[in-house]
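Two complexes, one shared chain (chain A), two partners (chain B, chain C).
Presenting the complex of A and B:
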């Protein structure tokens, strides 16, 4: 799994664009409040796709707390780092 | 992990789906894509390519549930598109399966579904009882079982009465592990016993009504893996009791149900021989060298494949052979290798020669009196598969896998032979085609058509439709292509309505001759319109064609004028790609052509005074007048 921060950005934007049907040029502060299509069901589709793509597991608390593109990227990076440390 | 398809590939396919004008294009857009190996977000991209064409849907499927199934329609739409079917989906509001059916203004009623799928979580249906399950007495558990079965049966009755749709009801998946552990099987009515009996009860109760079907959700969860069906996180966050990973399995089952309900199952499976029915090439290894039979791993795999083919044949699928070989070599294989399970008599047709296979397939279809679009073709040679895909795209051509170990599984994955129920007609069909071959031989022997028809000794019974005829009549409506003057595909609900209506006469004919029983082969639907009788539908199975039965049936319709005191018969012919054989049927029966449309449709009138019967003296006819018993 490629985990350089730039790689996370590229893949995450691709997945968000596919799942939410938004333009791939996603700004860092892109948030659930900005996008009506990012409803609770879409959020779970997005989380499921991200878990599959990055090989990570987010907790229910993390999933509830994620509000924006920036939140997501931070969570993914932290999870990958944790997994790497444990491994 | 096997690689998932590239994002670029998926987007190109979504574009192709968006532009697809018909089912063949949908199928082509997804050809070769393994839907079980989609990457993250791929299903959403593909689904967007299909959205917004609900009016063009082949089937409208409504989903009712007390857990979250909002993601199922997209999996279903993509899975169905891969099979060339366009679906429109509706997901009812959470936990309102009763209200949706009872309220005539509900979203469900406004959606006008062809199929309704109900899947309920037991825990949400009866929370208190399930909460207390561990402490319930055996008697309480038994009453719970009956109470739940009653609830579903009552709901089903209401749904069937208020909707013309086919109703699918999921049974209840037994949990991955019983609460009492291994001791559960020793308990007085444990959890295992409870679920087995509840599901058995549902299966038995739902068997009788052709518009009501059980979906074995318990079996689906077992096939997929019960521990993976529930993603606890999604369950707590969104009441999603079936994880997205499980939904392709559910979608596959629903596509099979849809295929069965639509009733356009393929009719014949055409098989290559070398490396398809046995291992090796007869021309090279010789009859003794081909691998088939016990004691050899490949030989055992081919035997299993034969067993599966024989099971298909027992359900009414015709088997045929199309092989490039010397007929004498092939005959020698069958003669000298008695361990081969499939025998030459099991094949309804065979083309063993060196001609190109698309010609062979055309000849087989012609010999069986079916369209090439009713054929499925299996071959190990990719070049043959490609040839058929290009020259006969209406044939479903299936490439055999590299390893014979995988051969039996090929038939598991085909949804093309799914049917609502295996009727007696289906079970006898393969035999009936064998009898047809014997009849043809008789014709060749007698040489003269009239003496041939006399010698067949055809007996025809014409009767009012009885309740036990209705499933077969629905099947005739959905499957008959050639001898079908109007080709209106009535649903099971329509058939029930016609049978009960005083303004309609639904007539059925069955036939037999010295070679055997042809079964129920024709139906005629009349509607009374003032002082006229209108022939709404007139159709006959192709295996009964060519012996004057149609004339005997037309005579019968003429006799209805007198019986009902009507002045004239009205009829029409609506052309399709398939019904050329009946283009001049009404002219031949003495009807007067009164109007011919530009697209080939024709209208006819036959006045009572002109309704002369035509001769078909070689058929013994027995008309049973009694109307449909209540």
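Presenting the complex of A and C:
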């Protein structure tokens, strides 16, 4: 696995500020309740952008469970680790 | 004494180079019968007996040979369905909410089974040519080269506009207020004007 956690943070913040149109200085406890623009459609756009950027594929259940920035980061890291282990 | 006739207003001479089409009166006998002499409840009863579909008495469904309705489809009040110009097929278990307008032209409008159509949607199967500047658009030919295909199990949100050329694949979701006039692959979720795929259902 060669994607360091810090790199995930940087790219994730970039994608989120781009898709959700928010300030790139996203706090660690940023959640869907804080941002009215993060509605279900924006969530799907965000997931599509993240999947393309990181080359991962999330299940529908995982997508529904993601409620915050922390959830997203953990999910991406776990997925990258899984793919690396399998590959 | 002001007895002189009021001066005629200087009407701007709009170039009327094209005569009205030969089929001048669009209010033929069939239209009159369909539109004025058939009460809503008759259409409701006919829909139930002929197609097994539930049509609200307040909906305006023109019963023409082009129209085909599936079993157990629901057409809510204030829906206008116009199938005079071409085939209009609606599948089984389709639910059409209030204030929708559905029209068809020669290439046809086809709506698959189990599809949901939200309120205020417009599904417009005809298109006008606009390649001549000297002829009013309304008198130029009506075209619909591609038609509208909506597959099975599609969910169309409120206020969407579906235009000629739309080909919505099975399992698609079109988010509210989107405009579709092209192909959407199956199971996609599309948004915007023009509608773009933002996610694929899994």
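Note that the second predicted complex is superposed on the first by the 85 of 87 C-alpha atoms of A that agree within 3 Å, B and C clash if a C-alpha of one lies under 4 Å from a C-alpha of the other, contacts with A are read in each partner's own complex, and residues count from 1 in each chain.
To be clear about the criterion, a contact is a pair of C-beta atoms (placed from the backbone, for glycine too) under 8 Å apart; a residue touches a chain by one contact, two chains touch by 3 or more.
Note that the coordinates shown come from a computational prediction; the quantities given were computed from them, not determined experimentally.
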Could you say whether A:53 touches chain B, chain C, both of them, or neither, answering first, second, both or neither?
first
Once the structures are superposed on A, label A:45 by its partner contacts, choosing first (chain B), second (chain C), both or neither.
both
A:21 contacts which: chain B (first), chain C (second), both, neither?
first
Looking at chain A, does chain C or chain B touch more of its residues?
B
Touch check for A:82: first (chain B), second (chain C), both, or neither?
neither
Of all the chain A residues, which ones make contact with chain B and with chain C?
41, 44-45, 48, 59-60
Touching chain C in the complex: which residues of chain A?
41, 44-45, 47-48, 59-60
Which stretch or stretches of chain C touch chain A in the complex?
175, 189, 191, 198-199, 201-202
Inside the complex, what are the residues of chain B that reach chain A?
7, 39-42, 44-45, 48, 68, 70-71, 233-234, 236-238, 240, 244
Give the list of chain A residues in touch with chain B in this complex.
14-15, 18-19, 21, 40-41, 44-45, 48-50, 52-53, 59-60, 63-64
